[in-house]
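What follows is a group of structures, each given as structure tokens.
Below, chain A partners chain B and then partners chain C, in two separate complexes.
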Partner chain A sequence: MANIQDKSESEWVRVLSEDGWTFIVPRKVAVASGTLKNTLSTGFAEAEAATCHVPHRGAIVEKVMEYLSYKTLYESAGPKEDIPEFSERIQPELALELLMAADYLET
Partner chain B sequence: MLPQELVFTVDGEQAQSTATTSRILPLAHYCHRSESRLTKPALAYQALSAILTHIDSFTGFGSLPHHLVEPILQQCSAEALERFEENTPALASLTQDCWRNLCERQFTQDVASILAGDRSPPDDWRSYYFTLQARQQQRFEELGSKIRGQRQEAEDRKKERQIVYTDPVIRRGRGGVGRPSTLIEKTRKESMKIQRSVYGSSRSPFLTPAKPARPRPETRPVKPPPIAGMGMMSMPRPAKIARTEPTPPSGSSASPPPPQSSPPPFSPALSLSPTKIKRDPMSSLFMPKHKAHSQRPVPVAVKKS
Partner chain C sequence: MESPNRSRLTRRRSGYGSDDLDASDDGDEGDQPKTKKAKLAKAALAKAKAKAKAKQKKKKGDASGSDDDDEDEYNALPIKNSRRITDLDDPTARPPIGSLEECAECHKEFTMTRYTVAADPGPGWLCHACAKAAGIDPFKKVAPRKRKAPTEKRKVVSYEDVERIPTLSGICIKVITQHLEDVEALGDIGVVSMNEILRVIAKARSLTAENSQLFYNVKNTTLTIYDATNLKPDALCALASLNPNLESLRLDYCGLIEGTAVEHWSNSLPHLKRIELLGPFLVRVPAWIKFFESKGPQLTSFLVTQSPRFDITCIESLVTQCPNLTELRLKEIGLMADSFLPHIAKLSDLTYLDLSRPKESLGDQAVVDLLAAIGGKLTHLDLSHNAFLSDVFLEDGVLPYTPVLTTLILSGLDDLTDRGVSKFFKAYRKEPPLIHADLSRCHELASDALTGLLDHSGRDLVELNINSWKDTSNDTLMTIASKASRLVRVDISWCREADDFVVKSLLDGCSSLAYIKCYGCNHVTDACPKKRGVNIYGVESHVAS
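After this line comes the complex of A and B, so read on.
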């Protein structure tokens, strides 16, 4: 139990894509996704290893992580702070797969 | 492996909605709100916006689930919808609502009676859309031709009312001829023609060097030839003309005067015998309208003392 608590308190988690890419992100960034939050909070192996598998290719997972970081950064932004648009960072060729990934990860 | 639930937050509280293939969530449901800031679009909404922005670049949706394709199709134009149906025939079952929405948006008046319930809806909204489109095209063409006809008529009426200048009016008055140069040229041409016809083409009493005078029979009448194009001018018929050729001045080199556009003035080199010349034959051929304003030189009679 202490181990699980220790591991759940670790600041970093690993997100693995289907083509072998690994993304190490802060826990608070990963839990911005509903699916990843559920995966990391349960008592499964993924939670113990602080590792999540996402069934999408590396380019898509990278874009999702980028969005989760953006969301975490500007979530607590004040009303006067200028927040850039994330839509400008979405390439049209990734849009369809990104939509599927966003639907899967509940972001 | 797709989730059966789509979780989003509304005003700080979590709400759960079941997303199945039968229930299609509108686009707005992909937005989520946090406690601190309102309306922070979710990644799914942003991806949908990116797809709709570049919808003309897409030919199909690959393995995208139907509940994600429907919001895209709802926002498509007729051309895009046709293209997707062509590439993915399985989409035809999903597009009837989309064609109906297109008809409602673009042909509101034609569809109003169907929506009000006065008429039964068509079996195939797709073919109905193209029928309405063809009708609209025909209406536009009729209107266009009508407007063109009206514009043409207005232009024709405008042209009829315009003042058109044809030939300028030549004024004949005391002040002189409207175009003196033209009249002089005409006169010169006529006189040249008459001279040629009367005296021969190579000879002219004024332009050639003087030769010994040779009296001509007085009974011989001189008839000027009819001048072409000058039907309005009536040439007086000379009765008898006594013609004498000019004698060259003694002691002076015979130099013909330079060619002139107007009848040459009376030069001292071409002195005529005062006793023989009684009447200038040209005077009978050319009668100016207003003798007082005639531009012909008046021969000076030299009297022997």
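After this line comes the complex of A and C, so read on.
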């Protein structure tokens, strides 16, 4: 039990894409996604290993991770602070797949 | 020699003509009359102010005037050479203007004025020269206390900027909408995914006339739009024009659809066979009739939920114009009544009939007559929330006249009794068995009805809903798994005797189970078993955590 506790406290988690890419991101960033948050919370094997599988290809998962970092960075921004548009970073050819990944990950 | 010099210097520095008020004895005499005059004028002003204040107080009816002194001592009438009793009690209280005090710093005697400042640290008062030496500007105006405007007290929030960062889905939809014209840029993603994307966009409630074009295609034969809230009649006409080969069309939340769009469809969708609409509130009778006339015998499915204007002339027209209907749903139709049923009885090919949730319940006898006429081919029957239907309609209608029924949905029929339903299932023909049975919220039903149902078609049941069969015994619930091993979806919510062991028996006994709903089952606890691939909804302890 103590072991699990330690792991869940650890700061980094691993996110795997379906084609074998690994993304190591801060836990704070990963839990900005509803799905990843639930998977990393109590009781599942994913939580114990701090590893999540996302059934999308690497390029998409990378973009999602980029968005999650963007979200955690600007979430606490003050009302006067300028937030850059994320849409400029999305290549249109990724948009459809990214939309489905976004839906899956509840972001 | 020194003092005038210094005083001139300070005068130049501060610009005030009063720097040597108390030291004036050895200063030049020319200044004095001027300052005295000013002093007098000021005293007069103070007097006038005090008078006004006193008047105000009288108006208010406030008798205790001395309380005010701490706050407004500048306006108080000077009382010469005597202190008030209150002042004597309190050493920090300000002596009256005009009285002689000893300076706390240089111990000279000086006259109190309204500009005299307190020594820091106290107690005592500073003469004018010492105050200036300490770096305090005695003439510094006390900023008038600003009264807050009453509007400022109440913070009016006209809108709250809750989420400044848009969701990734939202951003993607925006990007897709921007690049709609550029099909190459978006890339081909296949039909299955298209449907999936339609779902996602509907979930985000952002399907618009512009981005819906992404899903239009001349080759489309079926189209499902899960959220047509933002599609105006024009957009719905465009939909028909851009998908001319549609055979099946389903629009959910199509509240904006009205007569013109339906009439446009009459002419522009030549192959339409199946139409499913949720919420076409604004369509009027003539538009419906014109639509039925234009589609005629080719229409096989007409599925409508919530249409308050659909009246008996519509159903007459539907029955005469479209005799080949096999699927009919008139759910939540405000004007539905027994008088509709003789017309529906002419649709002899019906396999699917849904007349649930009318405003006024249909009656037993009318439904029995209807089933006698068209029950022969029915496989799906939904008569939920017809409060007047009782055991009679089951026994006299469903029992003798529905030989091939596989889906029976009778939710919310309060008049059904445990005995009646159990008797019905005992007498009902066994083949084909029921696959989907929903008798939820029939509060009288309990163990006998469940035993009857499971004995009748348990072997083949895929979906079972016995929500709110509150008195069903634990023993009977335990038999579900063994008698209905093919179950995929089970709802045992509000069956008060369901417990962890019932859940366990279902998980063990039904190999293809997808979910169990057990809302309001207090005996199902956190300790209830879990199984990969099976969702258990409604466990109370899960909600709490």
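The criterion applied here is as follows: the second predicted complex is superposed on the first by the 107 of 107 C-alpha atoms of A that agree within 3 Å, B and C clash if a C-alpha of one lies under 4 Å from a C-alpha of the other, contacts with A are read in each partner's own complex, and residues count from 1 in each chain.
We adopt the following convention: contacts are C-beta pairs under 8 Å (C-beta built on N, C-alpha and C of every residue); 3 or more make two chains touch, one makes a residue touch a chain.
Since this is a predicted model, take the numbers as computed values, not measurements.
Engineer: So, does A:20 touch the first partner chain B, the second partner chain C, both, or neither?
Structural biologist: In the superposed model, A:20 contacts neither chain B nor chain C.
Engineer: Touch test for A:67: chain B only (first), chain C only (second), both, or neither?
Structural biologist: both
Engineer: Give one of first, second, both or neither to describe whether A:84 is in contact with chain B, with chain C, with both, or with none.
Structural biologist: neither
Engineer: Just chain B (first), just chain C (second), both, or neither: which does A:55 touch?
Structural biologist: A:55 contacts chain B only, not chain C.
Engineer: Just to be sure I read the superposition right, which of the two partners does A:35 touch: chain B = first, chain C = second, or both, or neither?
Structural biologist: first
Engineer: What is the shared patch of chain A, the residues that chain B and chain C both contact?
Structural biologist: Overlap of chain B and chain C footprints on chain A: residues 64, 67, 71, 74-75, 77, 79, 86-87, 90, 92, 95-96, 98-100, 102-103, 105, 107.
Engineer: Mind listing the chain C positions that touch chain A in their complex?
Structural biologist: 161, 164-169, 171-176, 178-179, 182, 185-187, 189, 193, 196-197, 200-201, 203
Engineer: Which of the residues in chain B come into contact with chain A in the complex?
Structural biologist: Those in contact with chain A are residues 1-3, 6-7, 34, 36-37, 40-44, 46-51, 53-54, 57-58, 61-65, 68.
Engineer: Residues of chain A touching chain C in their complex?
Structural biologist: 64, 67, 70-71, 74-75, 77, 79, 83, 86-87, 90, 92-93, 95-100, 102-103, 105, 107
Engineer: Which positions of chain A touch chain B when the two form their complex?
Structural biologist: 34-35, 55, 64, 67, 71, 74-77, 79, 86-87, 90-92, 95-96, 98-100, 102-107
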